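What follows is a pair of complexes built around subunit A, which joins subunit B in one and subunit C in the other.
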Partner chain A sequence: MLHRLNPSLKLAGLIIITTAILIYPSWRFSGLLLLLTIFGFKASNVPLDVSKRRIRFLMTFSALLFAFQVLMTVNGTILFFVIPKYDFMGPFLPVTDFGIEKGFEMSLRFLLVVFSSMLFVSVTDPTLLAHSLTRLRIPYRYSFALVIALRFLPLFDIENKTVRMAQRSRGISTSVRGMSKILRTIRYTFFPLLVSALSRVDALSLSMDGRGFGHSRTRTYLRKSSWTAIDSSVLVLLSMLLLASILLALGFLPQISAII
Partner chain B sequence: MLEVHDVSFSYDNENMILDSVNLQIRRGEITVITGPTGSGKSTLALVLAGFIPRVIEGTFTGSLLIDDENVEKELISGIAHKVALVQQDPESQISTLLVSDEVAFGPENYSVVPFEIRKRVEVALNAVESSHLANRPTYALSGGEKQRVAIASMLAGKPDFLLLDEPSASLDPKGIQQLQKTLLGLKNSGYGILCIEHRLETILPIADRVLQLSKGKISKWSGKTSSARTTPVERFRLPDSAKPLLVAKGASYSYGTINAVRDVTLSVYPGEIVALMGDNGSGKSTLISLLAGLLHSTGGTTYIDCVPSTEMTAQDVAARVAVVFQNPNHQIFERTVQREQYLVFDVLDSLDEVPSERPEGVLLAAGLANLKERNPFSLSHGQKRRLNVSSVTVHEPLVYLFDEPFIGQDEIGRNFITQSIRKRGESGGAAILVTHDSAVATTLCNRIIFMERGSVLLDGSPKIVLDRLGEIGYGEYADFGAMS
Partner chain C sequence: MSSEQKSTITTRDIVTIAILASLGGSLSTFVGYLGNLINLSLGVPFGAGQFMAGLHVFWLILIRVIVAKRGTGTMGGLVKGLVELFTGSTHGLVIVAVSMVQGFLIDLGAEIGGTPHNNDNASRLAWWLSAGIAAASNVFVLQAFYFSGAHWILLAVIGLLAFSSGVIFAGYFAWETLEFLKDSRVLSNSFSSIRPPTVSRKRVTYRNIPAIALIIFITVGSLYYTVAVAQVFSDPYSCKVTGLVENPFTYTPQAFVGQEVTVQAELQGVNIHLDPANYTGILLSTILEAAIPMAETTGVRIVARDGYTILLDLDEVMTDTHLLLSEAEDGLWLIASNYDGALWIRMVTTLEVY
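Right, the complex of A and B next:
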């Protein structure tokens, strides 16, 4: 369903959602938007497979963010202690209601930003995005930077896997053995990928120059994005969302901010 | 006619890459330029396509003429209208996600009207027999398909001259035949074509003239292929009682819904040097990863030195198996050549037991001894490849698994890699190398395993397998071997 929306609108939507939760950082608000995002995945038939390693990693990371916030926030009403009082020791590590709220706020916001970006990438055709951005008078040189970034994403994914395989074949295991080993593994992954990416830059820029990229200020497009009535109504909804977040943050909607 | 007059070029003002070169490329003709790595072939192509001196810096003298007109003052986009360059690596040249977008990219930049662009996309894809690819995502294409799309995307700009830099480098024999057909078709419709080619035998049958570039000078090709082939090896296989070094029992692997390897059963014994052959996408690289214990078989088991690879740690595997992957940049990790060479000992915690002369000896053989303090990423492609081989074999593991090790290698590189493989076989180890070159298979290897759609189709001594391939419709594999 989201596939058919105007690409620039989708980009605007992504920006508005991430700004809205920065303006009004309530965990209920983030949760609501996250539910909407997950609904977006379902509605556009983009699989959100929890068994996939990447999704699992994101969930684990957000759980860690939650735990970290909860343990680090000491103010608020104490609900219980992680390490209870024992004899004369303790109690240690209080868990407070404010801490839990903070934890939800961080972890939900993290998931929202990551998932909505993932959704955006999966439902947006980069070539149409470039066209629709040009319509907004953005020079095509810039909009094509986006197209190329999106074009090379799948390639980097494959290359990352190859580099990890090459590491394993050399006996470099990714198991966590001390900080220096972790740093080493990061270096061993980062440099090969960076060099491989840079080595592609020359070939790519020659190939674009060689096909007249930048020949004149405008260019034509074989496939064009369109703007429909649905796009207009979604834009209105998104603007209302942004406005609502501002009003909520300023305290103009006390009845609603009491709920979310 | 496209021509260069008295062209000299140097990147650093010291080493002359091209030295007073004169060359003419006529319409309706296929010109081939060959020469050793580093002889300036690609640089010459960059001059012909106008990138030197417009985009790439260096000291340039001489002139470029298109149809007797000096184009000194033209912008790159003006020259690109007439001369198109297809570079070596098709992957890096593709700038969009959809094949038809990619082919439309050029005409769009020249503000051609959409109606006309649609026609051009159709015609260009047709010319490379790839109309069926129009709606496919570019990242999901095979190597040969990517290359045809890269050619089509240049044709869509309606140039008069087409320059191709090592177009056959990563193609299987079928892909090469298709490329020959495509180029012949283009020649007959009036294009002037220049091919830069290392593997001369792949393009020789369709060439109208062959030139040689060496030490910056162009001369007529002397008529013999540079790589002096050695005599075929005997089958130095040990007695049958020997234990297999690698075993796959019903090994399978799939990426999503695509079954890359299906139910492969094979054993590799000491002394065997196996050529793993098959069309692009037949599962050769995946099988290598399975045998190396880097991927875990989704059905069946693989054994390394009689131990199931699932029960081995990364270190256990690295101590026994050396793997060289296709792209050299993906397998260099350290900051100097020296450290890269010692990395495996560090990882295996055996720095104290390094056999004193071995690491230096291998670097010397690889021709890298005087580059020890260099950053390996700054080496040339050929040197990187030799470092890959040298750094994974320095501790003399039992089995070598090399994925297309000879691509882009000149004579020094070929000799070094051939020698390391041969020695491993003679000293009781084994090697498997993925290759499309049946000449390599017959001279270096004593066994060919031929794969088709993820399964082993043929397995046996090189001569028998190649003969059989000819009978069952894979004649092109045998042909290219005979040619060289």
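Right, the complex of A and C next:
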């Protein structure tokens, strides 16, 4: 279902969710939105374990964020000490209820931002996104920059492999031990890639100019994004979410803020 | 402003920005992963990977120098951030904000530094410094989203690391790259070379001495500032008295000399107990009296540096002779002997009457 939504609406949704949890930074609110995001993965048939290594990395990183917040926060009701009292030493590193709350707040916020971004990327076609941005009166010449940038990615991937193989055949190995070796590695891999990339600029821009790119204020598209009644309904829901976060932050919804 | 900056963006400019942003975005995602892996391996959530922060800004500097037009830094930052988002950055949408802010700061630096064609050392300095500032900005943008409570000295040191990385990778190394691109004739209409056609190694070393001296000066100077000087401006032994009061002020114990009281108090928490001890400080009622609360006020909100907040009844506070702000090793402590241990607050920063 999310695949069919307007790309600009999905981008707006991503921005609204990120803004809402900054306005009302409650861990329960973040947790609720995270559950909705995971439901979004399910509803869109996007497998969350598509890259298990990345998910594991994100979970480890969020656990580290949690631990950092817990140990940095000294106020609140002390639940226990990480290093208990021993003889005349300690206790050290108190763990408080407020610290745990802040830990959840930060780690869930991190997971929410990253997972909602992953969902957005999974269900959004960049070409349709560029088209929908032009419908928001962003000049197509600028929105097309995103399309070019994304279309060149596979090419750069192939060229990167070619450059590395070429350097290896010359006996140049990549190493990051020490600043001089980092700079050397960067020089031997970045420079050929950069020259290769920039040498395409003239050919591509001349080709685009030759086809009349930028000549007219409007242009035609092979594939277009559309705006439906469902998009309008989702926009209303997202606006309500943003409004609710503002009202919660200002304390106008005390009954709800007691729960989330 | 140069005539070049006035002209509109051509198709060639758009393609240049897109291609550099594409290459930079895809490599920045990899660099970001590498930085996060370094953080994880050292067991810290952020900071350690900042020595590579300049590599993210490197591409934006290239974009802004090659397409020397106002706003191309910000546009490059936006496109690069979106490429990072689509290639799986671990920061999600936030990376777009980080990258855009970096591009904007480079645009600002370009306004000061002017066109880099004129081989002017002052111009180069402005460009390199803006590269450093742009690299350091990621620390503070990410702090706003994901972290809180990190000590400002820690942030300053990490920011300094990122700044140095920006000066090295996005300043010095970017200039080397631009020289290389000029030499390889890829750059046809911008960035005139600042070095003579043949330069000896000794001359190169000599030429870099001012830049190295500058980085050392900024590093040592900033460290001295954060550790020794800035402490004065961010006094942990002060707190704001605000809200519905006629005389809002910043409380410091020095302003209340002679009004100290000593109370014996015992912290009785759920899981912690501190034996009775003597605490000396200024009564909260004395501090609030000096602020003159307005007639309709009912309570006081006490906020700590880590965001911990408690609410107390104003009438009870004004009559409590055992509720005081005392100086401890990490700042002002609220000693609340008549209350639960959870209301003993460390590092108090604000007293807000409502």
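The rule is short, and it goes like this: the second predicted complex is superposed on the first by the 192 of 260 C-alpha atoms of A that agree within 3 Å, B and C clash if a C-alpha of one lies under 4 Å from a C-alpha of the other, contacts with A are read in each partner's own complex, and residues count from 1 in each chain.
Heads up, the rule we're going with is that a contact is a pair of C-beta atoms (placed from the backbone, for glycine too) under 8 Å apart; a residue touches a chain by one contact, two chains touch by 3 or more.
Only a predicted model underlies this, so the values are computations on that prediction, with no experimental measurement involved.
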First (subunit B), second (subunit C), both or neither touched by A:N45: neither
Touching partner for A:I78 - first (subunit B), second (subunit C), both, neither: second
First, second, both or neither for A:P126, with subunit B first and subunit C second: both
Contacts of A:R211 with subunit B and subunit C, given as first, second, both or neither: first
Residue contacts with subunit A in the superposition, subunit B compared against subunit C: C
Partner chain(s) touched by A:S226 [first = subunit B, second = subunit C, both, neither]: neither
Touched partner set for A:S239, first subunit B, second subunit C, both or neither: neither
First, second, both or neither for A:I186, with subunit B first and subunit C second: second
Which of subunit B and subunit C A:R54 touches, first, second, both or neither: second
Partner chain(s) touched by A:S199 [first = subunit B, second = subunit C, both, neither]: both
Set intersection of subunit A contacts, subunit C complex versus subunit B complex: 126, 144, 148, 150, 191, 195, 199-200, 204-205, 208-209, 213-214
Residue ranges of subunit B in contact with subunit A within the complex: 46, 49, 51, 55, 76-77, 80-81, 84-85, 87-89, 91-98, 100-101, 104-114, 117-118, 121, 138-139, 150, 153-154, 157, 289, 292, 294-295, 313-315, 317-319, 321-323, 325, 327, 329-333, 343-344, 347-348, 377, 392
Subunit C contact footprint on subunit A (complex, rising order): 14-15, 18, 22, 51, 54, 57-58, 60-61, 64-65, 68-69, 72-80, 94, 97-98, 102, 106, 109-110, 113-118, 120-121, 126, 141-142, 144-146, 148-150, 152-153, 156-157, 183, 186, 190-191, 193-195, 197-202, 204-205, 208-209, 213-214
Parts of subunit C lying in touch with subunit A, wherever the complex brings them together: 9-12, 14-23, 25-27, 33, 36, 39-40, 43-45, 55, 62, 66, 75, 79-80, 82-83, 85-94, 144-150, 173, 177, 180-181, 184, 186-187, 269-272, 304, 306-308, 340-342, 345-347
In the complex with subunit B, residue positions of subunit A that touch it: 125-127, 144, 147-148, 150-151, 154-155, 158-159, 162-163, 165-173, 187-188, 191-192, 195-196, 199-200, 203-216, 218-224
